[in-house]
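Note that subunit A is present in both complexes that follow, paired respectively with subunit B and with subunit C.
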Partner chain A sequence: MAANATPDRRSMEQVIANGLYLGAQYALVALGLTLIFALMNVLNFAHGQMYVLGGFITYWVYGRLGLPFVVALAASAVTLAAVGAAVEVLLFRTVIRRSVREESTMLLAAGIAYFLDAVILLLFGEKQRGVPKIVMGVFDWDNLIMPYDRILVGGLAVVFIVAFMLFMQYSRPGRAMRALAQDRVAAQLMGVQVDRYSMIGFALGALLAGVVGGLLAAITGVNSGIGGPISIKAFLMVMIGGAGVVGGAIAGGFVLGMLESVGLTVLHSYGDITYLVIFAGLMVFLSIRPQGLMGKPWG
Partner chain B sequence: MGLGMQSSLRPGAVIGVAVYVAVLFVLVPWAIAASGRTDLYYTLTSVALLSIASAGVWLTFFIGRINIGQGAFSLAGGYVSAILVARAGLSFWLALPLAGLFCAAVSVLVGLPILRLRGVYFAMVTLVLTEVARLLALALPITNGAKGMVSLPLPGGVKLLGVTLIPDFATLATPNRAFYFLSVALMSLCFAAMYRLVHSRIGRLCRSLQQNEELASSIGVNIASLRVLAYSISSFFGGVGGAIFVAVSQSIYPSSFTVNDSVNFMLNCFLGGLGYVFGPMLGTLVLYFGWDLLFQTGRFQLLIFSSILIALMLALPNGLLSLRPFGWRRG
Partner chain C sequence: MYGRSGLLRMAALGAIAALVAGAFGGPAAAENPTLKIGFVGVTSGPAAAWGTSNVRSMQTRAAWLNEKGGVTIGDKTYKIEIVTFDDQKDPKRAIAGMEKMAQEGIHYVVGPNVDDGAAAVRPVAEKAGIIYFPYAFPKTLYTKPASNAILGMVASYQSGPAIYKYLRDHKGVKTIAFVAGNESDPLSQRDSGVAAAKALGMKVLADKDTYETDTRDFTPVLTPIVKLKPDLLVLSGVAPANAPLLIRSARELGYKGLISTETAQDAQVLKEGAGDLADGFISVGGASTPEIRSATMDEFIARYTKMFGEYNDESNTKVYALEYILDTLKANPAAIDNVEEFKKTIDTFSAPNPFVKGNSTLHYVGMTSFGQKRQVAVPMVVNEYRGGKFVTLFVGSVD
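Then we have the complex of A and B:
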């Protein structure tokens, strides 16, 4: 997921467009992570691996089987939702009930991350995999060059973000999940089926990871080693925006996308230090505002 | 199993220490000599060094913080000792404590702002810290970038008034055995120190941080300095562990300690049990040997390993020591 602007033509418009494109993807990754955190108080270490799995499923269905891209994306979404639901019901539920300290879920999440890594390696190998372009052609206007497939994928990401927000805001499960995130006990007392909506929430978070994986497999391809780095980026976004807050995840995603895009341009001549600068900035930012842009103190 | 030197030592604790010393310093070397499996020295040295670093992570757990950044300090300690030995020509025996102190100093600077964070926020920031260390190692000119620093000299000898206290490792027939004794001795020292710390007044104060910082602060505990103290000891352990590791492998790369190692340090603590001082030692042993034993399963190694990890988590979410073998007391 690196910005791929041509180095010789980096106008202001180009940098902003790249930032927005990246930000839309990142926001979608962060949304899934923050949803799971808000509902379960679980930091999902396996989020990056779920993303990679989604990417490989799209690669398989669209690239290998030759089915339409939409079908591939749906397959990624459905599979990951099933994985997410299974992980919550079979694993997290038991561990949360039985452990003395809630941090134990972190070990479980790390174990699942390793497990998914192993499964992905066994099923799909360690090669970088790409798929045929979903749309041909390049949008070329004055200072701005953007391949059409990137515009489409960026647009789709925005559509998914809006759909997710509407779902959380107006649907019955969405309301239930927001209630759970606010106060688990109170929600339970009001008749929200905690178990059921925990499962749905986890499935939805995993689904989002799978969808972004599928979207980006169409642009940059996918390989089994990027799960960990994606998780780290997702953590960064959640820290910037504030953990467990939908708006924060979106803000964090776009901020990181923009920083990366600007950093790659401005700091280009100093070598590969964009992320070093971002990390350093984050440390300073968090020392001033520990809860991120929109998070509750001590989330 | 206690290593404290109080007058009120229980007889069981004395026996425990005696057995521990006998096994590590007599039985294991004898068994290795008898079976000829000298490669085990390297494995056990690694376990000892990793459990030193994990002990540091455990100590941050003890003040109620999830630390996934120990890899950063192991890497930093490794680089500091490598640079001091290779570029400044310092003796390894001086570079080792300096590496630890450097990490402790850095952790005070970093810790002051980030220790205000709690829960997942602290966990995520420390995870990012590991990445920062790797990127710094890549970017700084003194670390030689991605090529790393190789062919570092073995630790030299130490003589005091003509008496050889520590022989020159390069002249030894089996430097691996020397490294084993060094690492195991240091590990014992670290855990003894930690046991004392946990059972001291400061340890009790740290326990209060784990439970409720506001309450602790309101009855006059200086929580800020206590947190930084625990974190700097933790990072000292990480730096020392990393520095010896570099001496053993005689090389260091930016990828010597990565996010995976940081996560593993945390897993070691979890697996052993967060409520037990010796949890990290047991956790590291089980995790490292488990991984090694599964080597024969080839490409299914990670799959089986992670499945066992998940199964263990389901069966014993509070760590291996929660089984209370031999009726050990909590703590």
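Then we have the complex of A and C:
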């Protein structure tokens, strides 16, 4: 079957599928980061570490304890939501109250990232960890190969993104958080409980990191050192899409996923220049449109 | 002078005193000097497994030796203390780590784990009189005028040709493709691998494909390579964290050929990350497999597992460096604080290898590759992963 496809056609369809799959998971990573930024104007440098923690919880619950993957994913979500809420209440809220300087929260976030890195390394060790495949088999069609577990995870990522958008659009907490993101003072004057919804927002952002960490533990595994690189990639997506804009994070995720997939195929014979080209393009893009694809120039 | 009860009381007190002295270190134990051995390498971040397996191997062996009363070098018995420094795979921090070792008066250091770190610490080590055992392959570290670095493992340019030749002769491999992380170690290992493959008359289908070392999904990276259908896919200098992901992606994309690397790997990591898809994966180890390892190595593995909860197969190679340091010092006690004496001993040093069955010896090699003996002789065990564990494919040696 696969032999009937011409190499170029097969490549192109494979490249698009790879890009869409990467885009879905990237978008989910970026969503939590952009939500926290929108609500609190905090650059959460610990987002990648929260992803890693979610991955390790899924690894333990599903891979070691043998409980169903869904239970593991729920455990990752609940734990990270609790961690996120605690971090907001105990740390960010205090710092924001006491300091109007934005770099204070940035330094706090960086400190939390280092702290979580160390804790995760101590708790879960230095080894790469993986879990049994959640779905066996590979979809092998004329022009495309895609393992079923990737299709499932990509699909779940899209479901989570849609659920998140619906929650933000139609639920009471979602509306409150959107009001906070638009104008914190006005929202407060309209009766929105700022502290409460800041905590919920931070918990939701951390929950998303935990969910995507748990989802991807089933595909790429997890290890204690990947938090920093994940955070950098998430920031990249947010910069492309526009900081603090949910639609922008999704767009940024899919753009980066597609750029990566196309670049690695088209440019592979030139060595590892894909990210060089992406970064160069991003510099040019931001110099023309510093607010990203969907951000507003005024913030 | 003393009644019966008084004598009994004195005897009881004496016994308690002896027990307390034994438990907390009596005068004899307190007099034992400490020999500090350093480690400078990466124990955090994505490559943490490399350095952590070093540190834990050293700590396990040191605890074991101390438990047996210490190590006798010349007329003194030393307690071994391992001083560690995490360089985070950053050459600047590696320099700071080596300076710390110098400040502590340490003359023997294991690490760094990567090329740029090992090159960066060279001036400090030479100035401070430190012999160091890197896990890095640049030949300039081991060829004259350099003399303070001793390669702690088999280099890729030594194991690669042996693996390719074996696969060419026994598995009919004719075409080969390389993929490497975009860092100095994997890239230099890829270049030496490409040269070795060409020298063996193999057709190199891909030699420019690279990936960022923090890549989590390798499907886009491997899609164009798998399309070339090489007989052998070489994962040059691949980190243990990335190996199962690359293998899994290649197999899921339909790659049917062989996959190999010249770096040491961990069977449990491969099992969890790639499962049966890793069957047939070829890598290099030290005292790796039950067929060749001794009872001492089995006990080392048991003690390591007891201390740290889980063994790391990379320690099959990493177990050697501390043993080489201590046994060379035993052979020439004057080297304890004088590395020039250590260097004089290298050429003639030989001691039984406790980790491998048979008459294998610890000795220094490297004449062919470096023109001087600046490499530990570790058995070049080429493994094949199968069913969750490594099996020996063949055993080679380096001269």
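In the analysis below, the second predicted complex is superposed on the first by the 287 of 299 C-alpha atoms of A that agree within 3 Å, B and C clash if a C-alpha of one lies under 4 Å from a C-alpha of the other, contacts with A are read in each partner's own complex, and residues count from 1 in each chain.
We adopt the following convention: a contact is a pair of C-beta atoms (placed from the backbone, for glycine too) under 8 Å apart; a residue touches a chain by one contact, two chains touch by 3 or more.
What you see is a predicted model, and the numbers here were worked out from it, not measured in a lab.
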Which superposed partner A:238 touches (first subunit B, second subunit C, both, neither): first
Which of subunit B and subunit C A:98 touches, first, second, both or neither: first
Which of subunit B and subunit C A:14 touches, first, second, both or neither: second
Partner chain(s) touched by A:117 [first = subunit B, second = subunit C, both, neither]: both
First (subunit B), second (subunit C), both or neither touched by A:45: first
Subunit B versus subunit C as contact partner of A:200, first or second or both or neither: neither
Touched partner set for A:275, first subunit B, second subunit C, both or neither: both
Touched partner set for A:53, first subunit B, second subunit C, both or neither: neither
Touching both subunit B and subunit C, residues of subunit A: 117-118, 121, 228, 271-272, 275
Interface residues, subunit C side, partner subunit A - complex: 43-49, 52, 182, 208-212, 214, 216-217, 219-221, 223-225, 227, 240-242, 244-245, 252-254, 266, 268-269, 272-275, 309-310, 312
Interface residues, subunit A side, partner subunit B - complex: 37, 43, 45, 91, 94-95, 98-101, 103-104, 106-108, 110-112, 114-115, 117-119, 121-122, 228, 232, 235-236, 238-239, 243, 271-273, 275-276, 279-280, 282-284, 286-287, 290-291, 298-299
Subunit C-facing residues of subunit A, complex: 2, 7, 10-11, 14-15, 18-19, 21-22, 25, 63, 117-118, 121, 125-133, 138, 140, 145, 147, 150, 216, 219-221, 223-226, 228-230, 260-261, 264-265, 268-272, 275
Sites on subunit B touched by subunit A in the complex: 61, 66, 110, 112-114, 116-121, 123-125, 127-128, 131-132, 135-136, 138-139, 259-260, 263, 266-267, 270-271, 274-275, 299-300, 302-303, 305-307, 309-310, 313-314, 317-318
